[in-house]
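Please go over the structures that come below.
Common to both upcoming complexes is subunit A, partnered first by subunit B, then by subunit C.
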Partner chain A sequence: MSALPGPAAGEAPPRDTTRPLAFLPAARGVFGLALEGMVWSRRSLLMAVLLGLPVVFALLYRGFLVAKVPARVTGLDLYAIIVAVYYVRNVLPLAALFYATSLIADEVEGRTLTYLLTRPLPRPAILAGKFAAYLGTTLALTLPALVATFLLLATARGFAGIGTAVPELFRDMGVVALALASYGALFTLLGVVLRRPVIPGLLFLFVWELVVHIPGYLPRLTLTGWLGSLVHHQPAEEGLAGLFQRQVLPVGEGLVVLLAASALFLALSVWVFSRREYVMEQ
Partner chain B sequence: MSRSRLVVFISMLVVGLGSLAAVGAVYLDPARAAVGPLPPEGLLLPADARFVAGLDVKRFTASPFYKRFRAQARPEALRDLEEKTGIVPERDVDQVLVAGRPEGGPAAGVAIALGSFDTYKLGRSIETGSKRKATARTIEGFTAYVFDEGGKGPGAVAFIDRQTLVMGSLPAVEAALRSRSQGAVPLKSNAGLMALLERVKPGATFWMVGDQSLLSNLPGSVPGPGGGAPVTLPALQSLIVTGDLDPVVSLSITGDTPDGESAQNLANILNGFVGLLALQAAQKPELKDLATAISVSTEANHVLVSARFPYELLEALQATPGAAAQTGPAPPAP
Partner chain C sequence: MTAPLEYARASRWYGPVIALNDVSVAVPPGVTGLLGPNGAGKSTFLKLAAGLLAPSQGEVRLLGRPAWGSPEAFHRVGLCPEVDAFWEHLTGLEFLTALLRLTGFGEKECRERAENALHQVALHDAKDRKVGGYSKGMRQRVKLAQSIAHDPDVLLLDEPVSGMDPVNRRRVIDLVKKMGREGKTVVVSSHILHEVEAMTRRVLLIHNGRILAEGDVREIRDLMDEHPHTVSLRARDPRHLARAVVASPHVLSLSFGADGEWLTVQTARPDEFYSALPEAAVEAGVTEMYSPDEDLESVFRYLVAR
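Then we have the complex of A and B:
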């Protein structure tokens, strides 16, 4: 049998197919594939609606409500409540839950995981590519809504006072990214460990995270406690909720804790995913 | 480029353009610029202010000065704030700005406090718990609490937003709220004070600038040493004071005089007073240290006085004369 012809002059040598792809090219490939599946999905449509609701509210405020609301309630006050309460405490954790838990779970449910695992792709690269796609998708949906909400509300009564608020916008964008990263990493871990991660994820969000209202050390064991402290706006809790005012934790410590937690959860996810045997249900 | 990457690219483009627009809006904000150490909110202070002063409350309350001399050191503005509103300055207030006006008396000042305020709780606290009876009113759309309404010189506290409150005489507070609702910046029209503020470097724990209208009340002469002929003080045109309290009490005073000769004369007079302090060392040795801690110099028509007082020196000066006499200078060793 004659030998196969070698590569032509100037062409790269063929890849050694006995070894898996390097991490970065593999992750990039998975990222592209996962992004395509995530952005154009019903889940993204629903999330876009949820994340875009403040823009609708801001338009309504500018169009109709600004003349009816007392002057002491400024657009920036409303923006502060939207960021601190709507985004950071509610919608972003939910978005992370529904996207991140399904990174691997969707592949398992669709029985396509086998095809992915039989490719010469390192398992850490698969998870990294999918996580990057999750971050890209959620940030692409959230950040434009946040910026649009800010511009619409902050300028509702003119440009007075916007100078001091613009740095807050950039800070809020950072907090949003950190919230998606930290919740995403946690729910990715749940997704690789548990078969049905959504219910435990919901319990975490709506039971454990409520611990943030308890005085003492417990708020430091929640993600929402640290994220809430990074946000500059601290809306007043009125009525009964005022009895359980959130602690404001140190900002520097919060950054370190959230970044470390995200890294830890991701590392654990990669470790579990790399070693776990997935058996498809017949 | 795939469709999904195009979507992500477009959304990042929207974010980028929005951020640029936000930064651009900063330049359209009429009160955007802090002037020297004065934050934009300080531009609501009245245009006819004689002096403007600022205190970084966080740095002040964290300083050794406050910890050691708290009972005497707590400024009147902070006491007034706590008494009227229930705000704890050490916890809730970042900065206090005060402006003094020509009328004189307690109604002449207006203050702006910057920090984090729970306006609902504070409103309840003022209405129910304040030692002085307060009436809630709406002025220019803002909630204000008026004290001693109907009395002589009613005062008021108003929340502009969750980070800013203004307090002072009722007319002054009304004027500030009116300016805020109209987007006006009255203090900016006071060119003299603005020019002084631009000369103050931000970062001091406390600062004050005063123009000629403040200094017009200063005496024109002081008694001469030893009861001799009075010494005429050169006219000061403006005054800038900045200070820090950590690690030592440091003070820097710059006075502007009409010309270099006046500056030199004033510096000589001040050096004379410092010398007098040193001469009192026989009765109180700490005064000599005090004198050496003060330096006076001139630069063109500016007189520069700088002082650095260690806390030990201040504590020694605070000791009562009786106690000082009992623990007076140690007897000479045999």
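Then we have the complex of A and C:
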């Protein structure tokens, strides 16, 4: 059977100039361009420091503190606090806030959005490519730090029990990805709707999200409530357990809510971005 | 047959400010100069054509489709925006290849087209330097290169030669004329009459958001020639210069600056005045010359008042 005629290896197929580029190639093109700009930005340098701080703490713990901390507080307990309180509750939402609100705002401020809007790209693909670049950048900064922190803390007093803890690490990696996706989608929406989205974003994080501590139905209206419930391990030590939220929401429901919220926020962002005019003046 | 770019009673306002007012015009293939003073509505005219803005009223059609919301048109349309904005961390070559990739070309073709476009604007030698390190003129040229790299049928150029040195200005003017000869539709905006005049004879005169006139640039030139034209010259010996030019029948008035270095001449025939000037300028040691009328502001005031 002879091969169908088509472009030779390495050659692009003929361009169809009667329609915009297909969604995936368009988003991939924007992703590549945005990723390079994001990875080498000052914002990423700052975030690398913030997201990498637990590694520094874990090194200090192994080097100096492990002998001074009571044996009943294990390295895994400290790791659990870092995941739930440092990463999921504070730094990941902040990373999402600073990256996602600026996905389009940076292009508007730099007045480079003109170049993207005058290419045959569907606007949803522009936003999708930039959102994927945000997720790629933040995951690339967070996951290695998370794994390093886990390994340093979990093995501080030896390797006993590490085998049973490894599945928790994978679960935490999933929670980190979900946190970045859900907060990122919300802040992308704020970024395309509002001219100055950072203050409303901070208010959401550090005012609205506090309702997670109120008993009743309200924690279900927060992202942190659902995300916190996905972080499985709770330290046995009572004093440390107090740092965690009291109300644990159903895990399965949490996954559905977070994925649905992410999809909804992204869909709304695309809808707004596709209809909005951007006036860039000299 | 419809024109590649058409405005049908198109208006655009920003809040209470009218930037473009009930414009109906069809732009045919070839080079069309969009001529008007700063703030006349030139950029809004081009942004509507490029689909960056939607008309508040009326319609703008580009290649037979509504310009707003037709991204597919950008396979065949290039825009050189007025804003001086780039992804500064990219080299000139990377900047162009990235944009060509977003236009749907394969890697090999992206590279070839980018190199060719950079060559056309004489930036090939600087292709591997970061755009952030380019001079103002080079930035203008790389901006132009990205607009032509995909060989568009319609080219929208917003003040393309602003900030360029005379040699590159000439090069870009020749490039624009060449594209016009090739049958492409080129709209080039400027507030400098002689810039547009060097590229085309077909102009749209725009002022206060309205198309005042459309036609041959020579008619504008004739109107200009009727309009008293002011030229200021700085010279080592302005009195010698005054003696040399006062004999010309086209000089209407002369005045000296308070610092004793400047001479301001009002002439009814600027072309003849300029052609007669060099010899006297050398003798009087002219070091600077400018015309406040070059920006067309006064010409437009004159035309509107007629």
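Here, the second predicted complex is superposed on the first by the 252 of 282 C-alpha atoms of A that agree within 3 Å, B and C clash if a C-alpha of one lies under 4 Å from a C-alpha of the other, contacts with A are read in each partner's own complex, and residues count from 1 in each chain.
Going forward, a contact is a pair of C-beta atoms (placed from the backbone, for glycine too) under 8 Å apart; a residue touches a chain by one contact, two chains touch by 3 or more.
Keep in mind it's a predicted model, so treat the numbers as computed, not measured.
Novice: Clash or fit: what happens to subunit B and subunit C when subunit A is overlaid?
Specialist: Overlaying the two complexes on subunit A (C-alpha atoms) leaves subunit C and subunit B fitting together cleanly.
Novice: A:E36 contacts which: subunit B (first), subunit C (second), both, neither?
Specialist: Both subunit B and subunit C are touched by A:E36.
Novice: With the two complexes superposed on chain A, say which partner A:G136 touches: subunit B (first), subunit C (second), both, or neither.
Specialist: A:G136 sits against subunit B, while subunit C stays out of touch.
Novice: Tell me the contact category for A:P120 with respect to subunit B and subunit C: first, second, both or neither.
Specialist: Once the two structures are laid over each other on A, A:P120 reaches subunit C alone.
Novice: Where does A:G174 make contact in the superposed view: on subunit B (first), on subunit C (second), on both, or on neither?
Specialist: Once the two structures are laid over each other on A, A:G174 reaches no partner at all.
Novice: Once the two structures are overlaid on A, work out the angle subunit B-subunit A-subunit C from the Cα centres, in steps of 10 degrees.
Specialist: Value: 170 degrees, nearest 10.
Novice: By the touch definition at the top of the document, which applies to A:A148: first (subunit B), second (subunit C), both, or neither?
Specialist: first
Novice: Would you check which partner chain A:V166 touches, where first means subunit B only, second means subunit C only, and both and neither mean what they say?
Specialist: first
Novice: Please indicate which partner A:L76 is in contact with in the superposed arrangement: first for subunit B, second for subunit C, both, or neither.
Specialist: First partner only.
Novice: With the two structures laid over each other on chain A, which partner does A:P250 touch: subunit B (first), subunit C (second), both, or neither?
Specialist: In the superposition, A:P250 touches no partner, neither subunit B nor subunit C.
Novice: Give me, in Å and rounded to a whole number, the least C-alpha distance separating subunit B from subunit C in the superposition.
Specialist: Nearest C-alpha pair, subunit B versus subunit C: 11 Å apart.
Novice: For subunit A, which residues belong to both interfaces, subunit B and subunit C?
Specialist: 32, 36, 40
Novice: Touching residues of subunit B toward subunit A in the complex: what are they?
Specialist: Residues in contact with subunit A: 2-5, 7-8, 11-12, 14-15, 18-19, 21-23, 25-26, 28-33, 39-41, 116, 118-121, 138, 140-143, 159-162, 180-181, 183.
Novice: Mind pulling up the subunit A residues that touch subunit B in the complex?
Specialist: 32, 35-36, 38-40, 70-72, 74, 76-77, 80, 136-137, 139-141, 143-144, 147-148, 150-151, 154-155, 158-164, 166, 169-170, 173, 234, 236, 238, 242
Novice: In the complex, go through subunit A and note every residue touching subunit C.
Specialist: My answer: residues 10-12, 15, 17-21, 25-26, 29-30, 32-33, 36-37, 40, 110-112, 114-123, 277-282.
Novice: Any idea which subunit C residues touch subunit A in the complex?
Specialist: Counting only subunit C, the residues touching subunit A are 14, 47, 50-54, 71-79, 81-87, 89-90, 98-99, 101-109, 146.
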